[in-house]
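One chain, chain A, appears in both complexes that follow, with chain B as partner in the first and chain C in the second.
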Partner chain A sequence: MKRLRLLLGTEVPVACILAFALFPWLWMMLSSFRPDEDLTRSPVRIIPGALTLVHHIELLQRTSFLDNLRDSFVVATGAVMLGLLLALPAAYAFSRFRFPGRRALRVQFLVVNMFPVVLLVLPLFIVMRTLGLLDTYLALIMGHATFTLPFAIWLMTSYIDGIPGDLDEAAMIDGATRMQVLRMVILPLVVPGLVAVGIYLFIASWNEYLFALMLAGRNVRTVTVALQMFIGENEIHWGLLTAGGTVVALPATVLFLLVQRRLVGGLTGGAVKG
Partner chain B sequence: MKVEGRALPWLLLAPALAATVLLVLAPVMETLWLSLHDVILYRPRSRPFVGLANYLALLDDPAFWESLGNSVIWVIAAVSLQFLLGLGAALLLNRQFAWRGIARALVIVPWALPSVIIGLVWTWMLDFNLGILNQVGVRLGLLDAPVAWLARPDTAMAAVILAVVWQGFPFFTVTLLAGLQGIPREHYEAAAIDGAGRFASFRHVTLPGLAPVIATALLLRMIWVANSLDLILVMTGGGPGTATQTLPLYAFLRAWSGANYGYGSALAVVLTLMLLSVVVTYAVRSARERSA
Partner chain C sequence: MAQVSIRKVVKAYEGNVQAVKGIDLEIADEEFVVLVGPSGCGKSTTLRMVAGLEEITSGEIWIGGDVVNDVPPRDRDIAMVFQNYALYPHMSVFDNMAFGLKLRKFPKDEIKRRVDEAARILDIQALLERKPKALSGGQRQRVAMGRAIVRNPKVFLFDEPLSNLDAKLRVQMRTEIKKVHQTIPTTTVYVTHDQVEAMTLADRVVVMNHGVIEQVGPPQELYHNPATRFVAGFIGSPAMNFLPVRVLDDGGLKVELANGVKLAVPPQRVDRYGPYKGRQMTLGLRPEHLTEIRDTEKPNVVRIDCMVDVVEPMGMETLVHFFIDGEPVCARIDPVTHSAPNEVLPLAADLNNMHLIDNESGKVV
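Right, the complex of A and B next:
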C-alpha cells in the first residue's frame, strides 16, 4: 500500500516530468539517425524503420560544419581563458580585502547582467567595426568573456571564500607578497573552482547565438549561427539539422551534467543571499 | 607596503573593471547617445542630433505598443508556467525514492542546450506535416487535423511559450530544490505536532521558507525572459506578421534589418528602463522588509 502510494504519488509524476524534459532531446537524436524516407513521411512513424548515419556523414563531409565546430571551440576556449584571467584576481580582491566601494562594485557587476543583449550588441557592432575586429575570434572571445563575467566572479568569490584566510597570512609571515600568495597558495587550492567556472564559461560561450551572429558570422561562424543558417535555406533538411543539433548539444550536456551540482551551489548561494 | 596594500584590491579588480567599462558600460552609454540621433547604418558619416524625437516617435508607433503587449504576455505566461512546473518538480524531487539522484540530474538537460537548438527541436516537433506533436494529437483525437502552430497568428505565441517553458523550468526546479533542502526538518515536525496536515504545512512552513528564494528566482528569470529573443528569432522571427514580436526582438529587427540604429537604440533603452524599474522596486521592497 505504501509502495503503491509512492509509485502513484511520486514516481509516476516524476517520470512524466522527466519524459517532458527529455523527450524533445531524445526525439532530435532519434531523428538524426533516421533515413530521409522516414523523415519526410506523413503520417509520422514513431518507431523508426531503420537507423542510419548518412546525415552525420553528410554533415561532416559536405557542409562547413567541421570548421564551425572548430570556430566554436576556439571561441569558447578563448572565452574560458580570458574569463578566468579576469575573474580570478577580481574574486580574490572581493574575498580578501575590505575596501570602500566593495559592496557597490559587487552589485554593479550583477546589474551589468541585467542589460538586454540588444542594448549591448548594437553599439558593440559599431565599436568592433571601428577597431577592425568584426568577424574575428577576438571580438567573440571578448564579448562572451565580458558578458559572463558577473556570474564568473560571483561563483569564483564563493570558492575563494571557502579557503581559510589563515593560509594567506601564514604565507605572508614567511615573506610572500600578495601576488605570490595568489599564485602559490590560492591557485593550487582553487582548481576545482577554476574547473567549475571554466566549464560554465565554456557552455555559455558554446551556446551563445546573438553575439556570434552580430559580431561575426562570415569568416568566424560558430555552430549556433551555422545551424540557424541551415534553417534559413528554402527546403529545411531535417536530417542534417537534427544531426547538427545532436552533435552541438552533446558537449554542453555532458559538461553540464558533470558540474551541475557545483554550478547550482554557486547559483543558489547567490540567490539565497540575494 | 601600506600604500601597496590599499591599492592592491583595485589593481586586482582593474582588468575585470576595464573589460566591463569597455564592453558593457561604454556600449550602454553609446546606445543612450545613439538613441538621441538619427543613425542609419549604411550612412555612417551623417548622424544628426534629433533630441527625443525617437522616443516621441515611439509613442505613435503601433508596432511598439503591439510588441510591448506581446512582451507582457510572453513574460507573464512564460515565467508563471516555468515557475509552477518548476515548483511541482522540485516538490516531487524533494521526496524520497530510489532513483531520485538520476532524476535530479536529468531534469536539468533542457537548461544546458543552446536556444538555437531548442528552437530547432520545437520547430521540428511542431511541424505541420512531419511534426510528432500534430501526429500524436490527431491520433489521440485531441486535434481534428494537423495545426500549423508556428504559422498561425493565434497559436504562434503559445508555441514559442511552450518552448521557453521547456527551456526554463529546470532553473526553477534546481533553485527551489536547493531552497527546500534549506528548510530545517524541525519546522515540519513542529507543524505536525501542532496538527498541521499536508496542505497546512505546505502553506505555513514550505512557502514562507521558500519565499526569499522564490522572489529572487522569479526576478532573475523575469529579467532573462524579458531580454531573451534568440528562441523567438529562431522559431518565428517575430511572425507570422508581428504575432510573436516582443520588444527586444522589435528593437533588434529595427536596428538590424531596418538599419535604423537610432530608433532601435531608443527601443532598447525603453526596455532597459522598464526592467530597471522592476529591479529597483524589488530592491527597495526587500530592503524595507529586512529593516522591518
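Right, the complex of A and C next:
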C-alpha cells in the first residue's frame, strides 16, 4: 500500500516531468547520430535504424564550427571575468553599507530582468556602433555582462550576507582598509559563491542568441548564431543542426550539474538567515 | 600607553532616537574599566564609538591626547575582542594573530617573535597551525585575545567576550583576562551585561542605563554606596530588597514598613534622613543584611519576623524568600538555621547597611 502510494504519488509524476523536460534534448542527441535518410523518413522511426558519426565529423571538418566554439568560449569567459569583477564590489556594498536608495536599486535590479531583452539590445546596438565596437569580442562581452549583472549581484549579495560583518570590523581594527578587507577577508570566503555566480554568467553568455546576432555575427560568430545558419531558406541541415546542438549543450549541462546545489544555496542563503 | 576621554558624547540614530545621551568618562592609563548595564543601555554603542566602528553624533573621544572622532579604526591603534570571536575562518591561528602585524608591514621575525610570545602567555602554542573551526569556544576566545595582544595597542576593547562560553569556562576565562591585564597592563574598556564580570574584573565599573551613566566607581564602592536605585538593584546577586516605607518621628527617627512595623534609624543616619520626615521613601536592604538572629548582635540590628515562602539552599548559605505586605523579600541565612515554608522565621535586619531612596528622583539619599 505504502509502496503503491509512493509510486503513484511521487515516482510516476516525477518520471513524467523528467520525460517531458528531457525529451527534446534526448531527441536532438538521438537525431545527431542518425543517418540522413533516417532523419527525413516518414512516418518517424523512434528507434534509429543505424547510428553514425558522419554529422559530427562533417560539423568539425567542413564547417567553421570550431572557430565558433572558440568565439563562444572567449565571449563567455570574458563575460564571466567582467561580471565577477563588477558584481563582487557591488554586492559587497549592498551587503555592508546602508546608503540612500539601496532598496530601490535592489528592486530595480529585479525589475530590469522583467523587461524583454529586445528592448535592451537596441540602445546597446547604437552605443556599440558609436564606439565602433560592433562585431568585436568586447561588444559581446559587455553586452552579456549587462543583462546578467543584476542577477549576479543579487546572488552574490546573499553569499556575502552570510559572512558576519564582525569579520570586516575586526580586520579594519587590525589595520585593513575597505579594499583590503574585501581582498584579504571577504574574497577568500566567497570563493564558492564566485564559482556559482561565474558558472551562471558562463551559461547565460554561452546560450545567448539575440545579442550575439545583433552586436556581432560576422567576424565574431558564437555557436548559437552559427547553429541558426544551418537553417537555410530552402533546406534545413538537420544532421549538422542536431550535432551542433548536442555539442553546444554539453558544457552548459556539465557546468550546471556541477553547480546546481550551490546555485540554489545562493538563492536562498540570505532568506533563512535572520 | 594611553588614557581615553569620552566627552559629552551623543549617539543618535535616524528618527532622533538617542542610544547614548551625552556621557562623560575619563579612563586613566593602564586602567581596566568595565561598562555594564542591561541590553539597550548604550554600553556597546559607546565601545563601538571608541573603536571607530560607529560614528559619533556629537561630543569628542580622545585616545592618548588626540581627538579621534574622524580617525578610522585602523589608525586608532586599538585592538578589539568580539563576542563571537570574529576569527578569520580561512586563516590558521598563527595567521589570525599575525594579520594586523602583516598589514602594518612588520618584519617576519618580529611577527613570529610577537605571536610566539602571545601564544605562550595564552597557552595556545600547540594550536598555531590549526584553523578556527578546529578550536573549542574557549580556545577561540584565547586566539581572539592573542590577536589583540600581539599588536601591543594603546587600548584593548572587549565587547561581551565571554557571553558565548558556558558558565564554567566563563569563570575560567574571566580569571585569564584579569591575569593578562596584570601581565600586560594596557588601558582596557570592557563591555558586559553580567554584573559579576564587572565586579570581578574592573578597577572601576561604569553602570549605564537608558544611554546615560548612572554611576562610576570601584566595585566595592558601587556595592556599598550605590548612587541610584538602578545601581543598587543592578549590582549584587541576589538583588537588593526594596520596600516602600514612610519616614516618621515616633520618639526618634523611624521608618515604617507597609505592614506597620517601625524600624529605628541608626543614630549616625538621623541627620541624613531627618529632612525626609513625613515622606514616602523606599528602603533598600541587601539580602546578606537580613540574616538569622545571631548571638553577637551589633547595635541597630532589629528583629523582623517573616512567614517563609520558599527556601533555596545554596550550600554555603540558604536563601529565604518571603513577602512583606505583598513585596517580595530575600534573606541570606546560615544553612544550619532551620527554615521551612509556611513557618515563622525570626530575622535580624542590619540597619547599619540600610539605604533610603527618594521615590521621585530615584537617588539614594
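Brief remarks follow.
FYI, the second predicted complex is superposed on the first by the 263 of 274 C-alpha atoms of A that agree within 3 Å, B and C clash if a C-alpha of one lies under 4 Å from a C-alpha of the other, contacts with A are read in each partner's own complex, and residues count from 1 in each chain.
Keep this in mind: contacts are C-beta pairs under 8 Å (C-beta built on N, C-alpha and C of every residue); 3 or more make two chains touch, one makes a residue touch a chain.
Because the structure is predicted, anything quoted here is derived from the model rather than measured.
Per the definitions stated earlier, placing chain B and chain C onto a shared chain A by superposition produces no clash, and the two fit side by side. Touch criterion met: A:L227 reaches chain B, while chain C stays clear of it. In the superposition on chain A, A:S31 makes contact with chain B only, not with chain C. Contacts of A:N219 after superposition: neither chain B nor chain C is touched. Applying the stated contact rule after C-alpha superposition, one finds that A:T10 touches chain B and leaves chain C untouched.
After overlaying the two complexes on the shared chain, residue contacts for A:S64 are found with neither chain B nor chain C.
Set side by side, chain B and chain C differ in how many residues of chain A they touch, and the one touching more is B.
Of the two partner chains, chain C is the only one touched by A:A171; chain B is not.
Once the two complexes are laid over each other on the shared chain, residue contacts for A:L189 go to chain C alone; chain B is not touched. By the touch criterion defined above, A:Q180 lies against chain C but remains apart from chain B after alignment on the C-alpha atoms of chain A. Between chain B and chain C, the smallest C-alpha to C-alpha distance in the superposed model amounts to 5 Å.
The residues of chain A shared by its contacts with chain B and with chain C come to none at all. Per the touch definition, chain A reaches chain C in the complex via residues 164, 166-167, 169-177, 180, 184-185, 188-189.
Touching chain A in their complex are the following residues of chain C: 51-53, 72-74, 76, 78-80, 82, 84, 86-90, 99-100, 103-104, 147, 151.
Chain A contributes residues 6, 10-11, 13-14, 17-18, 20-22, 24-25, 27-28, 31, 39-44, 46, 85-87, 89-90, 92-94, 96-97, 99, 102, 105, 109, 111-120, 122-124, 126-127, 142-143, 145-147, 149, 153, 178, 203, 206-210, 214, 224-225, 227-228, 231, 238, 241-242, 245, 248-249, 252-253, 255-257, 260, 264-265, 267-268, 271-272, 274 to its touches with chain B in the complex. Only residues 5-6, 8-10, 12-13, 15-17, 19-20, 22-28, 30-31, 34, 85, 88-89, 92-93, 95, 97, 103, 105-118, 120-125, 129-132, 135, 138-139, 166, 169-170, 174-175, 178-179, 182, 212-213, 216-217, 220, 223, 226-227, 229-230, 234, 248, 251-252, 255-256, 261, 264-265, 268-269, 271-272, 275-276, 279, 286 of chain B touch chain A when the two sit together in their complex.
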